[in-house]
Amino acid sequence: MRTKSFKSIVTNYKAVFFDAFGVLKNHSGLIQDINQTFEYLEKKGIYYYVLTNDSSRSPEELSNWYIKRGLNCITTDKILSSGMLAMEFFKTKLQDGNSVAYLGTRESAHYIETAGLHTVPIGDVDLNHIDHIQSFAFLDDEGFDWNVDINKSINLLRKKNMNVVVANTDKNYPVNKNDISIAIGGLADLVEKILGKKFIRFGKPDAQMFLLAYERALQDIRVKRDEILMVGDTLYTDIIGGNKFGLDTALVLSGNTLPEMASIRIGSSGIIPTYVCESAVIEP
Amino acid sequence: MRTKSFKSIVTNYKAVFFDAFGVLKNHSGLIQDINQTFEYLEKKGIYYYVLTNDSSRSPEELSNWYIKRGLNCITTDKILSSGMLAMEFFKTKLQDGNSVAYLGTRESAHYIETAGLHTVPIGDVDLNHIDHIQSFAFLDDEGFDWNVDINKSINLLRKKNMNVVVANTDKNYPVNKNDISIAIGGLADLVEKILGKKFIRFGKPDAQMFLLAYERALQDIRVKRDEILMVGDTLYTDIIGGNKFGLDTALVLSGNTLPEMASIRIGSSGIIPTYVCESAVIEP
Amino acid sequence: MRTKSFKSIVTNYKAVFFDAFGVLKNHSGLIQDINQTFEYLEKKGIYYYVLTNDSSRSPEELSNWYIKRGLNCITTDKILSSGMLAMEFFKTKLQDGNSVAYLGTRESAHYIETAGLHTVPIGDVDLNHIDHIQSFAFLDDEGFDWNVDINKSINLLRKKNMNVVVANTDKNYPVNKNDISIAIGGLADLVEKILGKKFIRFGKPDAQMFLLAYERALQDIRVKRDEILMVGDTLYTDIIGGNKFGLDTALVLSGNTLPEMASIRIGSSGIIPTYVCESAVIEP
Amino acid sequence: MRTKSFKSIVTNYKAVFFDAFGVLKNHSGLIQDINQTFEYLEKKGIYYYVLTNDSSRSPEELSNWYIKRGLNCITTDKILSSGMLAMEFFKTKLQDGNSVAYLGTRESAHYIETAGLHTVPIGDVDLNHIDHIQSFAFLDDEGFDWNVDINKSINLLRKKNMNVVVANTDKNYPVNKNDISIAIGGLADLVEKILGKKFIRFGKPDAQMFLLAYERALQDIRVKRDEILMVGDTLYTDIIGGNKFGLDTALVLSGNTLPEMASIRIGSSGIIPTYVCESAVIEP
C-alpha cells in the first residue's frame, strides 16, 4: 500500500472534515502530535471541522474534551454530531407537551432537553400511560439496565406506533487496545429486527451528516464540495460517505483500518479513498 | 380461511409431532382441554412427541412441568429439545478437560453438565486465562447481566476462535398476553453480526431437530415420514421445517398465528401447511 | 384510515415535492385530472418539483413525457432524478480519458455522455483490456443480455477495483395492473451480494436526493424545509426519506400503497406520514 | 497454517464423504492423481460417498462424468445430490395430475420426470392458465432467457401461492481459473427477496443433505457419525454442515479456499475444521 504524506495533500483543499475517533483521538487520549496538524492548518488558512457519530454528548461537552487536553482550537462551532441531527428532527416532528422516550444516559437526554424538548428515560415510562410519548430515541449504550429496558422499549414500540430515531449508527466501539463494546447503533439493529419496523438513522455515511458540516462550512467560507477533504479511519462510514457526497477522501491508518490490512480491505470492500495516509499528523 | 377439525385429520397418521408453546401450553399454563387430545391419541394408538426449541431446561424438567399440571403422559422420553442437539454436539467436539463458556442460567448449564461436560458461565471467565475454554454456548436469555456479559462474550470470541453453538433459534417469546421478551437466539444474532462470524444453530426449522424426533419415533414404531403429522403454531419454524422434512403439517391458530391473520400470513410467506386447524384440542 | 383532502393541506406549504410513479402517473399514463392539481398550485403561487428514482432517461426526456400528454408545466428544470446524482458523481471522480462501463440502454448512457463522460456498455468491454475502465454504473434493467452481461459485470469487478454506482435504488417496478419487473436496483443487489462489495446508491430515501431538490427550490424561492411537503405513494422511499430530511409528508393511496392496506402498512413499518390522502388530485 | 497429510488421517474413519467441486474435480477435469485416493480407500476397506449441491443432472449422469475419465468406482449409488432431495419433496407434496414449473435446462427437468412427476419450463407456462401448476423449482442457471423468464417466474409466484424449492443452494460457481458465474441459488435469492416469501432450500450445509448420505452409508455398513470424515473445500457449506451433523471434517486447499488465505478465513468465519489438508490426493 503506497501512502502519501498528509501534509503534501492537505494544502490542495480549502477545508478539511475530520472524523474524531481513530483520527484525532483514541482510547488513551489525543493522537500524539495531532496539535501540529491544526497549527499547520491555521497557518495555511485552511478551515477544519470535526464530524462525529457521537450522540451521547453535546458539541459543548465534546469540545471541552479537546480543550482540556490543550487543543483549544476545537471549539463548539467546529463540531458536527449525529446527535444534532436527531435533535433537529425532534424539533420539527414533536408536538408541544409531548415527550421523547429514550435509551441512554441522562446526560445524553439533557443535551436534547436544551432544545426545549421533553424527554423520559425508558425506565421511568409507565407502559399503561403512554399517551404523551410521541417519539423514541436510541442515544447511548450506557445509563440503563439492558436486561429490563431493551425489552421494555420493544413492548412500548409494539403498543404505540411512533417515529424512532437512532442517533448513532455505529455498531460497536473500541474500549481499549483489544476490546470492543456494542454501541447504541448495534442495540437499535437488534430491536428493529425483532419489531420488523424501520427506524430513522442519523450519522455517517449518511449524506445528511455531510450536509450538516457543509452548511456550517459555507457560513465561514465560499467552498465547493470538491475543495473539501474528508479524513477518516473507517471505509464504511467516513470514506464511502465522503466519496458519495462528492468530497475527496483520505483514509488514515491510525485507527480502525490497520496498515497491514488496508490494501485487502479496500480491495474486498470496493470502497476507494482518494488517498491513503499513515496518519493525519503533520510533522513541523 | 377454511379450517379442519383436528380430530378429523389426526387419525390418518401413525405419529404426531407437537410444538409446545402455542399448541400445548401458553403463558398462563396448559391449553384448556388439551388433555383430551392425548386421551384420544392413546385410545387410537397414535404415537406422539413434543419438539421444542427450549434449551433452558432438560427433558426431565420440561416433562415435570406437564406432569405437575396433570398431563402425566408427557414423559421425558416424549420430549425432544434443541438443547439435546447442543449437548450431543459438545460431546463429540469437546476434548477432555476443556470447558464450554456460556450465556444462560446455571440451570441451563447444569443440564449440559449431566453429560459429563465442564461448563463455565461467562461471568466467571477470566479473559486472561482462556486456554481451557474450547467452545461457547448461547443457552438462555436469563441468568446473566446483559450490560456486562454480552460484551464480555464478544471479547472472548475475538480473542480465541472456537465453535459457537446457539441452542435455541427463537428470536423472542411471549411473556404475557401483550408483551414479548428477546430470546437467546435474538441475542446470538446480535453477537454474530458484531463479530462477522458464523454460529452453529440448533432448533426448528432445521432438519436436525426433526431427525432427532424421527429417530426417537423409529424406536417405538415402524413409520415413514409421510405417516407423521407435525402440529405447530408458527409458519417459519414448525410448518416450513415439517414440510421440508417430508412430513404433513397442521397449522393451529391457538398461538403465534392469529385466526384473522392466518390467510394473509400464508399468502405473504409462501409457507403452506397441509391443514389449518383452530387448535389441537379434540372434543370428546 | 382517516384521510385528508389534498387541497386542504397543500395550501400550508410554499413548495411541494412530488414522486412521479403512483402519484402523477401510472402504467397507463397520467393520473386522471392531475393537471388540475398543477393549475391550482400555479394559481396559489406554490412551487413544485418532481423527484424520481428514474436513471434511464434524462430530465429532458422525462419532461417531454409529461408535455406530450398536455402537462406543459413539468419542464426540465422541475425534474430531479437519481441519474443526475450519478452523473455528478462521475464528473467529480472520473479522470480524463477514462470510461464508465455500464448495464443499461444506450439511451441511459447517452444521457451521461452529454456531461462529457466516456461510457462503454458492458457488452463491448474486452475483459483483457480494461485499463481505461475506471468506474461502473447500474443504469437500467433493459438494453443488455442478462444471461451474459450480468456475469460479465461480476467478472470485470473481480478483476479490477473501481467505484460502482447504482443510479436507481428501486428493486422492482409495475409493468401493468398485475405484473412487476425487476428494476436495475434489484440486479445491483444481486451483484453486490455475490461480490461482497459495497456499491454507491443514489435515489430516495437517501438524503442526497432531497438535498438536490431542496437546492433547486432555493434557486426559485426562500424556503425552509418545514415549509415543503413531500408527496409520495411509497412509505420506504418517499415518506421515510422526506420525514428524515425534515419535510412534512403526505402518503397518497393512488399507487403502491393500497387504501385497504395503508393502516396496516404504517403500523407494521413504523413509518408515519404527516398526512394520508386518497390522491394528489385537486378537484376544481 | 499447519496441514496434515490426508493419508495419515483418513485411516481413522470407516467412511468418507467427499464434496465434488474443488476436491475431486475442477473446471479442467479430475484433480490430478485423485484416482490414487480411491485405490487406497478400496484397499483399506473404507467406504466413500460424494455429496454435491448439483441439481442440474441426475446421479447417473454425474457418475458417468467420472467413469468417462477413468474413475470407474464413482458409481451412481455413491452419489448423493441436492436434486434428489428436491425430487423426494415433490413426490410427497405434489398431487396427481399437477405440474412443477421450473427454471433450468430440459435435462434438469427430465431427471425429475423420471420419478413420474410432470414438469413445465417457465417459458411454456401460460400465466392465464395456471390451475395445474402446484409447485415451482429452481434447478439450473442455464436453459432459459434470464431477461424474460426470471420476471415471468416472479409474476407466476405473485399470482398463485405454491411451494417453491431451490435445489442448489450455491450462489455462484467457477467457470475457469479466473471467472465465476451466478448459480441458480443466487438467482433464487434475488426472486425470494423481491417477493418477500420463504423458499425451501436443499443442499449443504443443510442437515438433510448429510442425512441422505448417512442413510445411504447405513445400507452398506454399520457406522456412527463420528466414524465418518467429511472432506470439502468450502467452510460455509462442507465444513460447518459436517461439524453440525456430528462428523469430523477436513478442509482441503485444492479449491475454493486458497492455501494463503485458509488461516484468515477460519479465523474470521469461526468455522473450524477438524483437520486442514493440502488436498485429498493420496500419494501411493
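Quick notes on this one:
Each chain carries a letter (A, B, C and D) given by its place in the written order, and its residues are counted from 1.
Definition applied: contacts are C-beta pairs under 8 Å (C-beta built on N, C-alpha and C of every residue); 3 or more make two chains touch, one makes a residue touch a chain.
Fair warning: this is a prediction, and the values are worked out from it, not measured in the lab.
Sharing over half of its contact pairs with A-B by residue number, the repeated interface among A-C, C-D or B-D is C-D. For this pair, chain B with chain C, the centres built from the Cα atoms lie 45 Å apart.
Each chain gets a centre from the mean of its Cα atoms; for chain B and chain D, those two points are 28 Å apart. Centroid to centroid, with C-alpha atoms defining each point, chain C and chain D lie 40 Å apart.
Counting partner chains per residue, chain B shows two or more touched chains at no residue at all.
Chain contacts in this assembly form a single closed ring in which each chain touches exactly two others.
Only residues 88-89, 92-93, 157, 161-164, 195-200, 202, 206-208, 211, 225-226, 236, 240, 243-246, 266-272 of chain C touch chain A when the two sit together in their complex.
Contact residues of chain D toward chain C in the complex are 145-147, 150-151, 154-155, 158-159, 171-172, 178-182, 186-187, 189-190, 193-194.
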